[in-house]
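Both complexes below contain chain A, partnered by chain B and then by chain C.
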Partner chain A sequence: MNRLAIRNLVQSKRVVLISVGGVTLALLLMLTLDAIFTGVERQITAYVDFSGADIWVSQESVRNLHMTTSSLPAGVAERVGEVGGVAEAVPILYLSNMIVTGEDRHLAYVIGLPPDASMGGPWRLAEGRPLSGSGQAIIDRSVAEGSGTSVGDEVEILGRALEVVGLAEGTASLVNSVAFIAAEDFAQLRGGGEAVSFVLVRVAVGAETASEVAARIETEVEGVTALPRAEFAAEERRVVRDMSTDVVTIMNLVGFLIGLAVMALSVYVATLSRRSEFGVLKALGAKTSDLNRVVILQSLLSVGIGFVLAAALTFALSMIIPSLSANLTLRLSAASLLKVAAASVVIAGAAALMPVRQIARLDPAMVFRGK
Partner chain B sequence: MSLAFHNLLKERLRFVLSIAGVALAVMLILILKAFLAGMNRQITSYLDHAPGSFVVAQQGVGNLLGATSILPLGAQASVEAEPGVTEAVPILSQFLILEFHEKKQPVYLVGYLPESGGGPWRITEGRAPDADDEVVFDQVLARRHDIALGDHLEILGDDFTVVGLSEGTTSWMTSFVFLRLSAAERLLRAPGLRSFLLVSVEEGTPLEPIRARLSGLPGMDALLLEEMKANDLRLFARIFSAPLRLMVGIAFLIGVMVVGMVIYTATVERQREYGVLKAVGAPNHVLYQVVGVQALLASASGALLGVLLAYAAGQLIMAVRPQFLLSVEASDILRAVGLGIVMALIAALVPARLLARLEPAAVFRR
Partner chain C sequence: MSSSTLEVTHVTRRYGAGATEVVAVRDVSMTVAPGEIVLIMGPSGSGKTTLLSMLGALLRPSGGTISLNGTPISELPEGRLPKVRLHKFGFVFQDFNLLSSLSALENVAIVAQLAGAGPRRARERARDLLIEFGLGDRLAFLPEKLSGGEKQRVAIARALVNEPPLILADEPTANLDSKIGHEIMRLLRRVAKEQGRSVVIVSHDQRIKEIADRVLWLEDGQFKEMVTMAEDPVCKMAVEREKAADRLEHAGVTYYFCSRGCRKEFEADPARYLLPERTLQGASV
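The block that comes next holds the complex of A and B.
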């Protein structure tokens, strides 16, 4: 009976192609959406991940970098630096602003770095050199390429013309990019006193864990929240996840329904075209349960192939799309694969229901009547 | 025509399933578009209700939502000193992430002067903030997190009391929270800081000369409200267009596959009849017409059902998740139905090739 299921499937290659193709696309829809959001999650933590800091210190109850603000009084970096277990504390300034290149405006997180900052700067320069003083900026390579800007050109950040001295790699996301300027320029352009945004902390080698040092910073320095880098990055990912949960659920549901309709249609069509063969088998004494097994197996095989193809296509898209759209990154996660695999099994089972009913009603005598 | 009907309706369940497949694909396309259209309306809602004709922002900042704007100190006085300007309403705004029930909730905080404007345009419950420890929350946000009038909340470590609930101030990404300008200055540790000025001018004054003068002030750019709305829309369109196009493309392919499968199997089943038709002299174009009409019927019925489903799904989503606004636009409906027709034409290609190759004599040899 297993052989029959496979033969049924491969006999009409075009129908198989279309049905497997349909279910592949429906599953691709679910996987792609997940991959887009997982990609965004990864992109938005890039700066935190590569900042070089073991601990991020922010204004009390601020646990994110994105879509928020943090303001710490001047001098807080010195106080954090004095806490036991802290090897180094670097204050940075941060603001969401625009990089203006000619007529184009690019949304960017602007980071103000103190001279010779050992943390918080660009982690990979595609071109140019690090900041060496006032009047300079480092912007993302894709933003520069998109606007025809090169090293040595001027861009406007925080309303002031700055010379681009370097192009950073990996600092752009679907939403924005990161630009680096001197803290001195930042403070002057922003105004509003000497407040800093975050303090980046490196833990002393051989000292306690980052969590222990972070807890001590919170106890000894008033009005701050200190989080180990991994925890801070996890908080960033939660913003994307909490914002996107409903959208992903709705789209997954639609993808699931489409997959179900396509699969139900193809298994039904395949069973319909083999109706007379099934009749012959029944007439020869095959049990309905055996025939049901054929249909279910057929459905499982199609969905299984569809799932593998969808996963492979998503993977391929995650390779191709970044080169077409610089800032859209797709990332296939194990959790998403598991979820879609589970949905596939449900789709295969549900799709086989109608043909199973069809077979149960099948009259073996019909084959002799030539129907 | 009647042959096309007959072929399609011979297997009713198959026809129904094919319509369902196309309908779901069209529904998905429409929901994605409706989602974008709704989001566009939500994005501009603040500026739609803002007083004045211009927004003065920090030089280089052309968006309300997206970039933080920091105006030079004394900007309000310089703008109000310009001839033709009647009022410059200051606001201090900033995105913030609040946490409710262990869920991150981005909000757009607006510090404003209740006596001047720039705050919530419709308060459905309660009142505007009178004191620095009072806030007005968006009513949808409040409902989602069981926040009621009189509740106490912590924002950036400071305690606030909810004194009002506003309407029309939410989107799926973020909701507005309003407080007094002085409270925002304290909260953001930025005394005297202003993000934007909402500028009104004397009636009948030509706008362009004033805009040029305002943009000439040091560190400032003046934009018409409509321009800033367009900039915000462009910014968000840029973020969402790539993923959206990808999803719409996949949905379209699904529709083509579904119609293709149905028409192909229906054609294969009737191969003998088509052969007989050919043998008795029916030209290929008549057979193509039969296949084409079948594909069009399946696609058109699916597309129409898809429109209805999209409308119903939109209403359901908005009822269950009120932060979403899904606006099914007439132009998108037309486009989706058009896509349904394109689906049909592409789907009819393979069966048409099959018919073209069909040898009339083959039917007599069997």
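The block that comes next holds the complex of A and C.
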């Protein structure tokens, strides 16, 4: 019967093309969307991941960057630096704001860096030089390219014109980018004050793990939350995911329903077109379960082919799209593949339901009535 | 070879109830012996298809019993009928009803597989049958590439692959030209006489009378008259025993003739016409 299922599929080229094509597109929608969001999640934590810090120290209860404000007393960096196991502690300033280039405004995490900061700065410069003093800014290369800004031009950040001295690589995502300015400028533009936003900590070589040192910081320094880098990044991703879950769910549901509708219709049509042959088999002695196996296998094969094609296309897109748009990265995750594979199995099963009922009702005596 | 017998006893089939009730088959009884070919004829709407469906365990009678080899198949639970159909019946249809996506070989093998044969055994058996029926060079052909006669031979091979004791054929020559129709008739006769299988044929085709041992006339759901066929030992024509132009007792056997001329020829030299197969087909004891 397996051979019959395969032969029926191969023979009904048009039906297969429609069903596999439709399912491929539907699953592609689901996989691509997941890949985009996974890519965005990775990009959005790029600054945390590449800051060079092993531990992020913030105002108590602040556990991520996005849509938060953290304010710590100026002396807190020194106190953190004195905690056992801490090799270095660098205070940074942080604000979510705009980079204004002419008429364009670009959302950005603005980072204020102390002179000669060993952590928290751009990790790769595509062009230009690091910050060396007041009145300077480093912005992301793709933002600069998008707005026609070059090294030496001026951009407006926190309401003040700053000279672009460098273009950073890998600091932009689909949502925003990171701009670096001097801590001195940041403090002035924000209205003075000695407070810092975060303290970036590097753990001493050979000391305890980042988690142990972070726990000690929280014990010895009052009013702070200290999180190892991986945990701080995970919190950041969770916030982004929580904000986008509804959109992803709705789009996944749309993809699922499109896939289900296409498959259900094509499996139904394929079964209907072979109704008399199924009747013949039933008359000859095939059990309803034998025939159901044919229909379900046809459905599973169509969806299986659709899934493999969709995964291959998503993988291809994840290779091609970053070269077309620097800010958009697609990342095909194992979790996403598993989720969509599970959805595919549900689609195949559900699509076969109606034909299975149709077969159960099929009267084998119809073969003698010429139907 | 099989020794099973089909027995139909007072079988009735009703559709609907009350004022809309239609009796398609009414109190029909018949017996088919092993190796016997029974032709059921009758006008459209006479109940032939309904009767054939009931004989093939595709439709349950409203009354009466149908037994095959002593097993009352009309009383078996629904779940057991597919197995009975696979092993006890071979079906031959007017429209051949081959599976369009499978080759000739696969069309036959799939039925053997459904009956529990392994894929290799099923294919071997299918191949042997198709070669026996002269289709050795058509094994891999799809039905659309086969002629009508070839399709019907594949269908007959499919009907025989599980070695059933009873073959049920619905208008097996209807879609075939005269020459091919004769070929198929000869094949069905071979199946009955050489393999001892019972063959029940429903048809409008008068030519099938030539191979039938008995002809039953169904009208308004009932057998109106029963015609027993015999072969004229001289000219080989099929003749209805009851309407034969002449008959003759010879050595305890009755011979039937289409004309007095044939009888005279026979009387002149009986030994010339008493070859074993002629005796079997044309005579009754």
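Observations
The criterion applied here is as follows: the second predicted complex is superposed on the first by the 356 of 371 C-alpha atoms of A that agree within 3 Å, B and C clash if a C-alpha of one lies under 4 Å from a C-alpha of the other, contacts with A are read in each partner's own complex, and residues count from 1 in each chain.
We take it that a residue touches a chain if its C-beta (ideal position, glycine included) is under 8 Å from a C-beta of that chain, and two chains touch if they have at least 3 such contacts.
Fair warning: this is a prediction, and the values are worked out from it, not measured in the lab.
Look at A:Arg3: by the touch rule set out above, it reaches chain C but stays clear of chain B. When the two complexes are overlaid on their common chain A, residue A:Gly304 makes contact with neither chain B nor chain C.
Look at A:Leu284: by the touch rule set out above, it reaches chain C but stays clear of chain B. Taking chain A as the reference, the larger set of touched residues comes from B, when chain B and chain C are compared. By the touch criterion defined above, A:Tyr268 lies against chain B but remains apart from chain C after alignment on the C-alpha atoms of chain A.
In the superposed model, A:Gly135 makes contact with neither chain B nor chain C.
No residue of chain A lies at the contact with chain B in one complex and also at the contact with chain C in the other.
Those residues of chain B that touch chain A in the shared complex are 11, 13-14, 17-18, 20-21, 24-25, 27-28, 31, 35, 58-63, 66-68, 70, 72-73, 94-97, 99, 103-106, 154, 156-157, 172-174, 188-193, 219, 231, 235, 239, 242-243, 246-247, 250-251, 253-254, 257-258, 260-262, 264-265, 268-269, 313, 317, 321, 323-324, 350. Here chain A touches chain B in the complex through residues 12, 14-15, 18-19, 21-22, 25-26, 28-29, 32-33, 36, 59-64, 66-69, 71, 73, 95-98, 100, 105, 107, 156-159, 174-175, 189-193, 195, 223, 235, 238-239, 242-243, 246-247, 250-251, 254-255, 257-258, 261-262, 264-266, 268-269, 272-273, 317, 321, 325, 328, 354, going by the rule given at the top.
Those residues of chain C that touch chain A in the complex are listed here as 49, 52-53, 56, 58-59, 82-87, 89, 91, 93-95, 97, 99-102, 106, 110-111, 113-115, 158, 170.
Across the complex, chain A meets chain C through its residues 1, 3-4, 7-8, 10-11, 276-277, 280-287, 290, 364-365, 367-370.
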